[in-house]
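Here's the structure we're looking at; comments come further down.
By letter and in written order, the chains are A, B, C and D; residue numbering begins at 1 in each of them.
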């Protein structure tokens, strides 16, 4: 097992010298292979620890492979391959400057994501969390115009600010309470923290992890949309935001302890807040005309599902949360890919300009349709299963009203996503476009987005796979 | 032996449709339902196929008499619909119809609520394309409303099933009943698709806005699927009798007033559903047989009627009663088929509606629900009025507006002919239908009493129509909108949402500008004190520093001495 | 009326004479059925339907009542065709 | 060798002193540099040996000229000052290799010699202050280092350097005077100047008025020297207008030695944490430290001259250290000492990098740096890393010290202090972020386009410090663990 992690590190080291797309591709594939191997080992029940070094009492730099992290790493690394292919098409299609810097920063961001996924204690996780923030900053500010700078600034201030003001205190407090920061199933502070303390600590964590974009700390996500689309796609639909909710999930399961949360009811407020965030973000998404802004708010809303599930903290809800990380990743990355493909080939960024585009870009828009259905949570797309678990989990936690929230949100999702599809296929294009037809996006763009859409579809038929994989980690409790 | 739900034959088959062209496509779209039909025919009864997921056994092929009956009629209607829509060159409608039909067939065979939910939502998604394909602005907005309501129904089902799952630990789809919150939610979910009163507005809103073929296809599946699931889950639920009675009666008023013939037929659809819902509410074997039989016949004659009105729309471009008329001469065959459909729905003896409606009425009377019985009788008379007479009259016989059109395309005529033939065939040989019914039946529809009473009812009702029309009392056909329940969400509801938007956005703007304002002022203050020329950044005056030294010294001394 | 109304009902009158033949046959059937009903058949579905001419009366008056009711209701429900459009 | 070992403490001070006089004698620039270099490295080695010996056998007492204390002057090395000695000599040893390139470009051979002479005198003074066990001797060395540093500052490229030096002179002198008054009062009361003796005699008379007055004078004097708000006013000018090398050196060492003095006086001599917490001093220090953290950081945000910005940042960072001291617990003192160490590394590194920019561009105005990240990638990358460390990003040294500071505050149950610490770090992020943004996300100006990367001689010393800043972010067995041991000594007033 350790050699595997070794290879993984070589991959990381390798990556810093990668400046060409091909190399990026090769590394991404290598990384995926490594991660997949680890994943297989995890399925076989292997749980290795890998201590890099110890900094001081309570602060260890160590890795530990566990199912949740392996799953997250698998999804992120797989989508990196897809996204790399897509990036090539996008970056070339739009003649973006400074591509070298772009790919390099991307690679670092991915290593940080892997670090988050495999870290064995809060401190290691926190370090990689910050690395991720910093390495994505150049990506957000990539265009280097004043908008991008402002976006980047907001991005940094929100994320680092939140992590410094809330996350570090939470770390310190946890350390004082528990004496260490290692992830342990069942939580490490469950024996020592009173309900009030747990509640405050949870609040510190939840708000400290600004990447989870829980309202009112969601402002960075829409403003980070100034980044090139591959960045929005992989980072702001998968790696960064998922790192956020993944961290929350880890905190709930391994630090605070879900049973402890259930007993103390310390997460009650978070259920309400996440529900509010969920609905409010969807409502705001309805009002946005810019495609990426709409998707960004949709992401905020979808992340709240995961936080909500984490707050409910029953085994089924946690399962739903873990699954939602995966399902939303595939769905939302498809949508972002499509937004980028439209930008590349049609130079359009607004929903209101999309009339009739479905006929010029059929594959792209069908993929969008599929992705949208998955996000809404409709069969036969995989998004429905995670919502099912969250709903069941909320029943289990005696919070049946949450189901109503889920329903309202799904309907809102329909209301803001479906009009895009409808415009694309069932409205006629304007005169100028009939004379100057738009072509389908470059194949480098179309193939990845079709692939992710297809995966949304295929995963629907494999619910049992998830279940047996995740059930094991839930049964540990 | 087929190892997967036959509905999937249609769904997967649909993927090929956009690639195919012309007759190949026609043949393919006809083969699929035919093949599925043969497959089902060959299946024995029982739970044939199950999946394990989520710790539950998902039954995807529960074959029994009830599911068989509905699957047959669905496939039959798909088949006819396939012929009817042969003229389409569009690559969206045909696959959407097939997926829609396939999902409905799939849903019929579901033995658990979760797989039912899956197919339930697929029908919602697939069907909305039939409305969208009309490509008008009205159709688009209507489609969005339709989709949200349909998916909302699915979501209610979802909520209901999770509650049941949590409470009982299983999600088998058997009798559900209203005695638990989960059951209630599921009831509501079914009720939406079944167009229960107050929940019905999506139907009359969206169906008339769909395409020519779309409305035909739409009328077949969604509501009848709802009837099927109600019969499964809520047979014998007393409340359904009242709901059904209202459903059977209130659409009459709208149907009389409405100008758009397809909307008239949509209201009539609700009215016909009312009969079935009452029967399910009664829940005796005979009543359920009646409901199933009526669903069967109704699918065919309603499709027939919509096909004929669709042919009109196709040829003339309108389906408004006020703009049609006198088309008997240019489209005689269509007119004939339409009248067969009208006769069937009005339940004239020897037409299919008669043999099924009679069972329901007898069942109601048999169980002693007299008021209901009267209401249904009243509704029957109404049905004759607004469909049996009004549609043929305004479409084909009233004054000639001077439209000269061709007869309907041949494929439409064939489809209509098939449906018309079935209407008459079943009307004449009811035993064919009766053999398919879920429970054994020994009902004789053609007694002298039945025929006579029905004839009397219909003839005198018709005479009332003539007299009222002559007296000028009969309401005029106006290009207008008649308010329905959808008013609540299309007017005040929409205004409310807009209001909320405006309020929140102005709130945000206000808050935002306020915050930015404050922040700027704060930064300015900071700058005044901390900026390069601020007090705190002044470094040159040595004197002030010495002063500070003195101050601090005194302060320390004071503090230490105290 | 401000509404874009359809054909005036007076236009129908010219159509009706063509109907006349049918109408006579129709009325003949009505009377014939009434006679049959009165003389031969007994109904026993419910306690009401043994009343003489029950079905005929119900059909006729029922129709009249709901048409009149519909006309009344229309006053409440009628809106311009583009009422919902903005 | 044993002789060498025995006389190590004396060697520590004598070595740079001799070297300084050699520089003054030869007055050949390059030679002086070589002398400075070798003596710096040697004194660094001496400091290392001293530390090792202290770790091995505890406190080393060395009697100058064989006069035994309390009559003679005693050099007394314990873990605390061994640690500080190491910081000072280490920073010096790293800076000297860099100096040659930077200084030779501007000064003639003779002037260079004088520069090195002054540099070495500052070093001598600082090491002397740290190592000596005699109160008056402290004053003497303090004056040596101060006077030499005035000269260093005055050698800055900017004319205002002269004024700054003058101002520094006045303030420094006031500070020194106050210290000497304080020492005098203590002597009057106890009759001894030996710190060890003082430590044993003072506790009995610690509440007498003269002692308290002495305490007040010492407090103010030391506060002036360490630039504690509001007595920091000399520092920004001195750092901003002096040569970069001098800024780097002073920022890394002078204030740290002053902080050492504070610790020495208040903890070792007056009886450890118990005495310290009896006085109103902790509260006052805490308040002043907090104001320093915020006011100085905000001022730094608005500065356009980066050197000045870093100077204010130093004031703020001193605030952090003083905050740690004000708690007087083991953890918080560990934090303060570690921060002393880390801050010395980071600030010296930053000033060195700025010196490199100054060397190439001739300016360190923030708006003139646009796009420089692409032209001087290594320099700016280093700046980013050190900046992160200054902010306290995890994985860097700055994080560790802030971690301990925060932990110390939490141990006292004062979570709001923790919030203030992290908010102040946020302010740090803003001013570092401004530089980074300008350097990387603006189009280069014409001047910047022509730039080359800084010379290697200037880069590698800086990178040595950068490497240290990262290394000590992960491996704290040296920095934090030593600091903790020293903190234990301080708290218990073991001397």
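Heads up, the rule we're going with is that a contact is a pair of C-beta atoms (placed from the backbone, for glycine too) under 8 Å apart; a residue touches a chain by one contact, two chains touch by 3 or more.
The structure presented is a predicted model; accordingly, all values stated were derived computationally and were not measured.
Distance from the centre of chain B peaks at D, each centre being the average of the chain's Cα atoms. Chain closest to the overall centre, judged by the mean of its C-alpha atoms against the mean of all protein C-alpha atoms: A. For the pair chain B and chain C, the distance between mean C-alpha positions equals 29 Å. Between the Cα centres of chain A and chain C there is a gap of 64 Å.
Inter-chain centre distance (chain A to chain D, centres taken as mean C-alpha positions): 45 Å.
The centroid of the Cα atoms in chain B and the matching centroid in chain D are 79 Å apart.
Shown for chain B are the residues in touch with two or more other chains, of which there are none. Not a single residue in chain A touches at least two other chains.
Multi-chain contact residues of chain D, defined as those touching 2 or more other chains: none present.
Residues 526-527, 530-532, 534, 536-540, 542, 544-546, 548-549, 552-553, 555-557, 559-562 of chain B are the ones touching chain D in the complex. By the touch rule above, chain D contacts chain B in their complex via residues 163, 167, 170-171, 174, 178, 209, 212-213, 215-217, 219-220, 223-224, 230-231, 233-234, 236-237, 279-281, 284, 295, 298-299, 301-304, 312. For chain D in complex with chain A, the touching residues are 388, 391-395, 400, 403, 406-407, 410-411, 415, 418-419, 422-423, 425-426, 429, 433, 437, 440-443, 473-476, 480-481. Residues of chain C that touch chain B in their complex: 1, 3-9, 11-12, 14-16, 23, 26-27, 29-30, 33-34, 36-37, 40-49, 53-64, 66-71, 73-74, 76-85.
Interface of chain A with chain B (complex): residues 283-284, 286-287, 373, 376, 378-380, 384, 387-388, 391-392, 395-396, 400, 403-404, 406-407, 410-411, 414-415, 418-419, 422, 425-428, 463-464, 467.
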